[in-house]
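Before we start, here is the structure in question, set down as structure tokens.
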Amino acid sequence: MNITVRYFANMRDRMGRAEDSVAVDGETITVEELWGRVSPQQTLPANVLIAVNMEYTDASRALKNGDEVAFFPPVTGG
Amino acid sequence: MNITVRYFANMRDRMGRAEDSVAVDGETITVEELWGRVSPQQTLPANVLIAVNMEYTDASRALKNGDEVAFFPPVTGG
Amino acid sequence: MKVIVQEGLFDPYQVTRDYEARCLPVGKHGAVVTFVGTMRDFNDGHNVSAMFLEHYPGMTERHIEAVCQEAAEKWDVIDALVLHRHGDISVSEPIVLVAVWSAHRAHAFDACRYIINYLKERAPFWKREATTQGHQRWVEHNTEDPGVNSQGTKQKTA
Amino acid sequence: MKVIVQEGLFDPYQVTRDYEARCLPVGKHGAVVTFVGTMRDFNDGHNVSAMFLEHYPGMTERHIEAVCQEAAEKWDVIDALVLHRHGDISVSEPIVLVAVWSAHRAHAFDACRYIINYLKERAPFWKREATTQGHQRWVEHNTEDPGVNSQGTKQKTA
């Protein structure tokens, strides 16, 4: 299955890219395992927010084919 | 001494006039006694508000020469 | 701070914008809260077609100014503007504008709400409504704002 | 109800007036509360000269709409309008407008405050400030609104 991964604000700066496309062979993968694929050197920072298909979720969320996963810092709008 | 008395809203309707000028012979007079002079037939209605020189006060307030006394119903602005 | 009591229609949004451009220092406020009270076509179960708003010239301005002053003592207020109409008012027209500028939004919200609540309680104005049945009546009391956040109390009239 | 996320300057007061003229039924609302958040020239002890506001197209709009919907379920809201900028923003320019129309002022105040508070908490926007010393930094956290009337707490930062 294929997962789109997006990074915003200082997470994009840290990753050095805005987006990844990840092909997963196995049956399932959680957000946390996905993070291990895109950032093998560093565990998921504690205050990073996670959205799947534009809804907030947590690192244990299981992903399915076509999901869009986003990693970003606490929001500061308004 | 001379006291100006003003009536607003339904108090003006009830009195049939907007203003009285009252000459007082004695040394002192309270708002309540003043009311007795301008409206001998009727005691001061309970919910009527009183201002002396544009500040809220009550019926026991003693008046002095030149004071402006106003009687009006609860306010309904805004 | 400025308090205006005037006869005749005004545009509360243009007044707010013009006042801000003319009187507010650039870049100091982070929050502006405005309240605009407008005339509804119903009140207390009556259909209303027009209104006359009487006031007590001098006393009205003095008490609105006192309320603004109190708000500025309680919260961080950079500036405040109140404009209140008197005289004849038609349905859907603005009656009152309260605008508060602050560095912080909580202060702007609290101060604006305080000003309109205490203005309604203390500033001498009296509404006389003309109903669609052709009757005139003095409005006896204002609706109340409990003055606190009433989350989850949709049925509460305020 | 309408939510707009756009690049480029807007006039919050003209937008509010135009929306009211175009979309609100005549004579039904008695209260309009607006909140305008503007860019200050200082934040967290830094002097700030300019700002870039990033967002997540699609997710941002969806979450602002959800917050407006929640407010409309909690209070009597006739209509609500939210306009939020992204992109480059200069000192003193408006960043966000929240306007709420209601029959009653308590509902308009509560709903407007709820929308801006939860928008700031949940809508994906990220501020990058340019300080007057020429540095750029991502803003780490927003200031908070306790969400309750903070009468008498002038020292409280919110």
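Order as written gives the chain letters A, B, C and D; numbering starts at 1 within each chain.
Operating definition for what follows: contacts are C-beta pairs under 8 Å (C-beta built on N, C-alpha and C of every residue); 3 or more make two chains touch, one makes a residue touch a chain.
What you see is a predicted model; the values in this text were computed from it and never measured.
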(request) Give the label of the chain whose average Cα location is farthest from that of chain D. (result) B
(request) Determine the centre-to-centre distance between chain A and chain C, using the mean Cα coordinates as centres, and give it in whole Å. (result) 48
(request) Round to the nearest whole Å and give the separation of the Cα centres of chain B and chain C. (result) 28
(message) Please tell me the distance, in whole Å, between the geometric centres of chain C and chain D computed from their C-alpha atoms.
(response) 21
(request) Specify, in ascending order, the residues of chain C that touch 2 or more different other chains. (result) 37, 116
(message) At least two partner chains per residue is the criterion; list those residues in chain A.
(response) none
(request) Let me know each pair of chains that touch one another. (result) A-D, B-C, C-D
(request) Over in the complex, which chain B residues touch chain C? Could you list them? (result) 6, 8-10, 13, 51, 54, 56, 70, 72-78
(message) So in the complex, the part of chain D that touches chain C is made up of which residues?
(response) 11, 13-14, 16-17, 26-42, 73-76, 91-92, 103-110, 112-114, 116, 143, 145-152, 154, 156-158
(message) Please output the residues of chain C touching chain B within their complex, sorted ascending.
(response) 37, 53-56, 58-60, 62, 84, 95-96, 116, 119-128, 138-142
